[in-house]
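First, the structure itself, so that you have it in front of you.
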Amino acid sequence: MAGSTFGELFRVTNFGESHGPAVGCVIDGCPPGLELSESDIQPELDRRRPGTSRHVTQRNEPDAVEILSGVFEGRTTGAPIALLIRNTDQRSKDYGNLLDTFRPGHADYTYWHRYGIRDPRGGGRSSARLTAPAVAAGAVARKWLAERHGIRLSGHLSQLGEIPIAFESLEHVSRNPFFAANATDIPRLEAYMDDLRRAGDSCGARIEVAAHGVPVGWGEPLYDRLDADIAHAMMGINAVKGVEIGAGFASIAQRGSVHGDELTPQGFVTNHAGGVLGGISTGQDITVSIAIKPTSSIRTPRRSITRAGEATTVSTHGRHDPCVGIRATPIAEAMLALVLIDHALRWRAQCGDVRVDTPRIAARVDPTD
Amino acid sequence: MAGSTFGELFRVTNFGESHGPAVGCVIDGCPPGLELSESDIQPELDRRRPGTSRHVTQRNEPDAVEILSGVFEGRTTGAPIALLIRNTDQRSKDYGNLLDTFRPGHADYTYWHRYGIRDPRGGGRSSARLTAPAVAAGAVARKWLAERHGIRLSGHLSQLGEIPIAFESLEHVSRNPFFAANATDIPRLEAYMDDLRRAGDSCGARIEVAAHGVPVGWGEPLYDRLDADIAHAMMGINAVKGVEIGAGFASIAQRGSVHGDELTPQGFVTNHAGGVLGGISTGQDITVSIAIKPTSSIRTPRRSITRAGEATTVSTHGRHDPCVGIRATPIAEAMLALVLIDHALRWRAQCGDVRVDTPRIAARVDPTD
Amino acid sequence: MAGSTFGELFRVTNFGESHGPAVGCVIDGCPPGLELSESDIQPELDRRRPGTSRHVTQRNEPDAVEILSGVFEGRTTGAPIALLIRNTDQRSKDYGNLLDTFRPGHADYTYWHRYGIRDPRGGGRSSARLTAPAVAAGAVARKWLAERHGIRLSGHLSQLGEIPIAFESLEHVSRNPFFAANATDIPRLEAYMDDLRRAGDSCGARIEVAAHGVPVGWGEPLYDRLDADIAHAMMGINAVKGVEIGAGFASIAQRGSVHGDELTPQGFVTNHAGGVLGGISTGQDITVSIAIKPTSSIRTPRRSITRAGEATTVSTHGRHDPCVGIRATPIAEAMLALVLIDHALRWRAQCGDVRVDTPRIAARVDPTD
Amino acid sequence: MAGSTFGELFRVTNFGESHGPAVGCVIDGCPPGLELSESDIQPELDRRRPGTSRHVTQRNEPDAVEILSGVFEGRTTGAPIALLIRNTDQRSKDYGNLLDTFRPGHADYTYWHRYGIRDPRGGGRSSARLTAPAVAAGAVARKWLAERHGIRLSGHLSQLGEIPIAFESLEHVSRNPFFAANATDIPRLEAYMDDLRRAGDSCGARIEVAAHGVPVGWGEPLYDRLDADIAHAMMGINAVKGVEIGAGFASIAQRGSVHGDELTPQGFVTNHAGGVLGGISTGQDITVSIAIKPTSSIRTPRRSITRAGEATTVSTHGRHDPCVGIRATPIAEAMLALVLIDHALRWRAQCGDVRVDTPRIAARVDPTD
């Protein structure tokens, strides 16, 4: 199967290149009757868009979304929703000589060997710009999740390069250019980024995302588990190299007597599982952490080869994010929303009429854990 | 879509419960003409099977596989290959009272709310026993990958609970009950496990798997990226809580000038990418690391609730692995093989006739990195 | 995607060969809580099985089904349901020399060129025996459709070779070996078949199937329309060469003022649509008619070529149905049931919470049409 | 799965409504390196577009296609190809009162009950206008099929209402407004249509399509058979009520000694199979015949009900095709092309390296059959 479609029942098919006429997506399978207009989607695109601070690429794209179909008199009809975002600030000449060489850490070499042709303008299909359609589709998903199930998504940057960022409060996230849940360390982060930019180098980042209010019972036992589909979604974001659910890699050194989240009539005691057991949601917060590698497009000269296989040196100029992780929080939230709505519909298909007497217990009672 | 099928073109559909009549799978889409008999599959099942040392569950299952279809005169015909493994050592009475309570860290609570019914015998569908069919299917995949493309898979345990295990050589892996690539530390690991078992507790583990010889060009740019599909596969294994490709979480603190793997005519200099760039294989080793949580079935008493929602205490007896990670190496290898063969066929479908003049460069030249 | 899986949400994966160890299927996605045992499935298999009259193949197969998974204490659990039917009456020597030639009208030539290998024993994968697993899966589907939605399926033979068979009553269908809804013409049909068998020849047939009680609203507007999926299901049955919904080919010569089914508060006036408009069920009977070609395995000698490409003559002996259409009624019913349950779940996924005030009108009021 | 995507490996996702801003599609999985520009697609859209004669709807749409992605310097890159067709001649006021009633023979009633909302403007999603994106995608498919495999597609109208149209030559098809392979009967067809239009009524049609030069070996044995996928494609076209492959319904009354196509070293003797045996292409012409029902939008008053369930009368004015079959030939050709390219890629995925010594025999030697 061609790989540009995400989801089984809420299906998002992505198209476009960084410097082509447009990027966008088609959402197929959206439930009918959801109130929807461009104004529901645009704020999420604005969170992700470039040019909003000196710490991200200076490409200036309004990323204005147009709904082409699937909405009638302000409500979804159940028909495919096509979302179009025209590209307006392409400067393709910046990338003129890139056809003849392969940038280290980039997809240039792999695309070339796979396809025998590649669009080098702005990274073409491998550009982070292709996350915009996912963010747009995610906005539709999170609106439905909120209205239908009261689900809320959140995310924040928890590490920038070597610097861990203490969690203070989610309310800070929208008030700094880093999506940090922190007010104290912002000057330090800004200085760090300024140094990095001057050095012509880049750094990685860690993002935490969570979904609050997911009901118990979404997911599948094998293969298309809820956690497996989240891992697929997150590792499918450009530059992601690692994914954790709940305790993640820390669970290696945990004992079973610590890791297994106890249940009480008052609620779960801990949430090491990150809201998923046996591939199915527990009703606790779904918690995900991802590692994002440093941007590959840097000014520092690096060794590479030409298309003919000869040694060369590459130094990348142009407009690039020195840390792609900075803009990744809304992307990770969007991907999580897409996984959740897909499993909401899958759950409804197979199990929508299941009723049990057992009470659904609350999320963990001990928030200090 | 129902979730028990893995892969798009080499499709594995898994069935069975731990204590039902049988477990097994159907492989659809296998290329024709591959020599195949039970003796190609049984050795991989034997690597995974229980009862092989005192450090794993004492359930005694031969896990004998029967090929029911898809093979004629010793070669695959292109028709579905059904693989059947009869269960022979069920002791369902061990689990008699489990229907009325939910074991912490188990899928009991989530299954119950999703399905309104659950098979409690030996964990039913959520048992690690359900990885056996994947191992069997993986044996078919790795045979084709080896014969057709010269690809080799390897794996080993690199951490047991708090104990990191130094990599000495892959040749040790088959010579100790832990799949450790190490001969020195085995007595220490055995003592650790003996202590744990006596304490009625369990621990987690880290597994590293790799694929050697994968050609450049397998994968997709978005969503169904090679790394995303690997993450989906690995997080879909029971008890896995984290997945890394290449440098993984360490890439957060790396600079771009370090992380991006340089290319030279003699080969790649490093492999921080773990063999995947832009979702597509580079020709370097695919390297994956996974975190496995501690077993939830432990003797130590733990708080839980009954099906009626009242407080209770659970202590799990019966035959359980004190560290499910110990038997996970062949499972992770199998899942990696399944991802690779699927992308091999996907590559051939879309790009099988692409030819480029650019030489394919070697895997990394500096093995000290 | 490999082609042996039917359905998107109620997924049936078929395996086996006519003279291999077994045939069977895995059903993934079945809703939980359905009471199910072998005795729900066996009667449908018995309707289809060979050897029940002199007019069908004399192969003597009990077609006993075993449920391997997915059922606990007599109810489905939501896990995959594996159904196994062991082959017991293989006489592979009957087909010994068939590897060297291609029977006209058979899949021999096409399989050989596609796969470079084929299992010739009893037709291998192309045998009508491979419809048994679909009938078994269909039995599960129709039980759910009946219990959950009150849907009833029926079918009958309406033409045998040149002989149209008048519809008298569905109650006759189970009382003659032809599945004819007719008592009057049975002797004539028997004589016709006896003549044909003596002549070493074969004939085609027409089957009508219908679903009664399907609610309005199942289906999709484009591509995966309910009627399109029915056409896919029916043309996927061995030997089917044509499919009609409702008025079918007769609609070519109808006027719009005749064909379009009028609606009244008392119900639809006619059902030329066959229960589907715009790809979505109307609430009227779903009516389907299929054409089945004459059996290709006949004693009459026919021209063919050898595997080396040289001219030869083929005369097929062994045990064959002189009219495969005779046993096709339960198969067509089963395939219709599989399409319906799949769309029932798809409907529930996307539109399960839609409510409208408009009354659902009755099926057609004028049964004489 | 949401239903607006066609194909497994060459995937076409359709979007749009008749009177929304645009219709279009995204093609995912197209092989890279194919020369492609709008001028390859526009001629096929022009064949289908309205307003070209007095016998079709007078809506005046240029149907100008824009390629939004997936093409770089005139060649496909392997990335998704988004095709956009802006709607320019919407007259939504024509359909103002249609929200309150259900036109007989239309999808109004079924959409309303399924979705609880519907876009009534020009038929919304159920408009024949939504075949334009499929025709555009089909143009890409047929270009690849022609260049890579030498495959040629053809189609023609073989019956208009009660009037069978004798086949004279394919060269006539482009020279009359009916796509008739006939020059003699055109005046009679024109008179027939003029009468029908004056009467405020409509009629059905029969279309024949064929693919020439398909190699032996494309397709699957079960379920996703080549003929089953063709049936799915054809029955998925608006207004189609029947599909035949090869001899179709005529095969019911054929004897096996007639129907089964004999093979000789000089080629097949007949082609009753229509180019498919056992679900796999034979190398002969793929021949398909479809029945198209009369247009439901007619001036003749008809009984219906209101949204509140009360009796009413409907008479449809506005711009409508009195026979939708007249413009259906390029649509049916396009759908056949989409099925073929999908199976070409599926064949290459599974069997691309199969080699057999047996010669591929020629298409039928006796063209008089």
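Order of writing sets the chain letters: A, B, C and D. Residues in each chain are counted from 1.
One rule holds for everything that comes next: a residue touches a chain if its C-beta (ideal position, glycine included) is under 8 Å from a C-beta of that chain, and two chains touch if they have at least 3 such contacts.
Here the structure is a predicted model, which is why all the values come from computation and not from measurement.
**Q** Go through B-C and B-D and name the pair with more C-beta contacts between its chains.
**A** Between B-C and B-D, the larger count of C-beta pairs in contact belongs to B-C.
**Q** Over half of the contact pairs shared by residue number: find the pair among A-D, B-D or C-D that meets that against A-C.
**A** Having compared contact pairs by residue number, the answer is B-D.
**Q** In whole angstrom, what separates the CA-based centres of chain B and chain C?
**A** Once rounded, the distance between the two centres reads 39 Å.
**Q** Report the inter-centroid distance (CA atoms only) between chain A and chain B in whole Å.
**A** Taking the mean C-alpha position of each chain, the two centres sit 25 Å apart.
**Q** When the centre of a chain is set as the mean of its C-alpha atoms, what distance in Å lies between chain B and chain D?
**A** One centre to the other, that is 45 Å.
**Q** Using the touch definition from the top, which residues of chain C touch two or more other chains?
**A** Those would be 1-5, 8-9, 14, 29, 32-33, 78-79, 114-116, 125, 221, 346, 350-351, 354.
**Q** Using the touch definition from the top, list the residues of chain B that touch chain C in their complex.
**A** The touching residues are 1-5, 8-11, 13-17, 20-24, 26, 28-29, 32-33, 66, 68-70, 72, 75-82, 84, 114-119, 124-125.
**Q** Can you list the residues on chain A that touch chain B in the complex?
**A** So the residues of chain A in touch with chain B come to 1-6, 8-9, 14, 102-107, 109-116, 125-126, 130, 159, 161-162, 201-206, 216-225, 227-236, 238, 240-265, 269, 272-274, 276-283, 291-298, 300, 302-305, 307-311, 346-347, 350-351, 354-361.
**Q** Provide the residue numbers of chain A that touch chain C in the complex, in ascending order.
**A** Those residues of chain A that touch chain C are 1, 8-9, 29-33, 78-79, 221, 345-346, 348-354.
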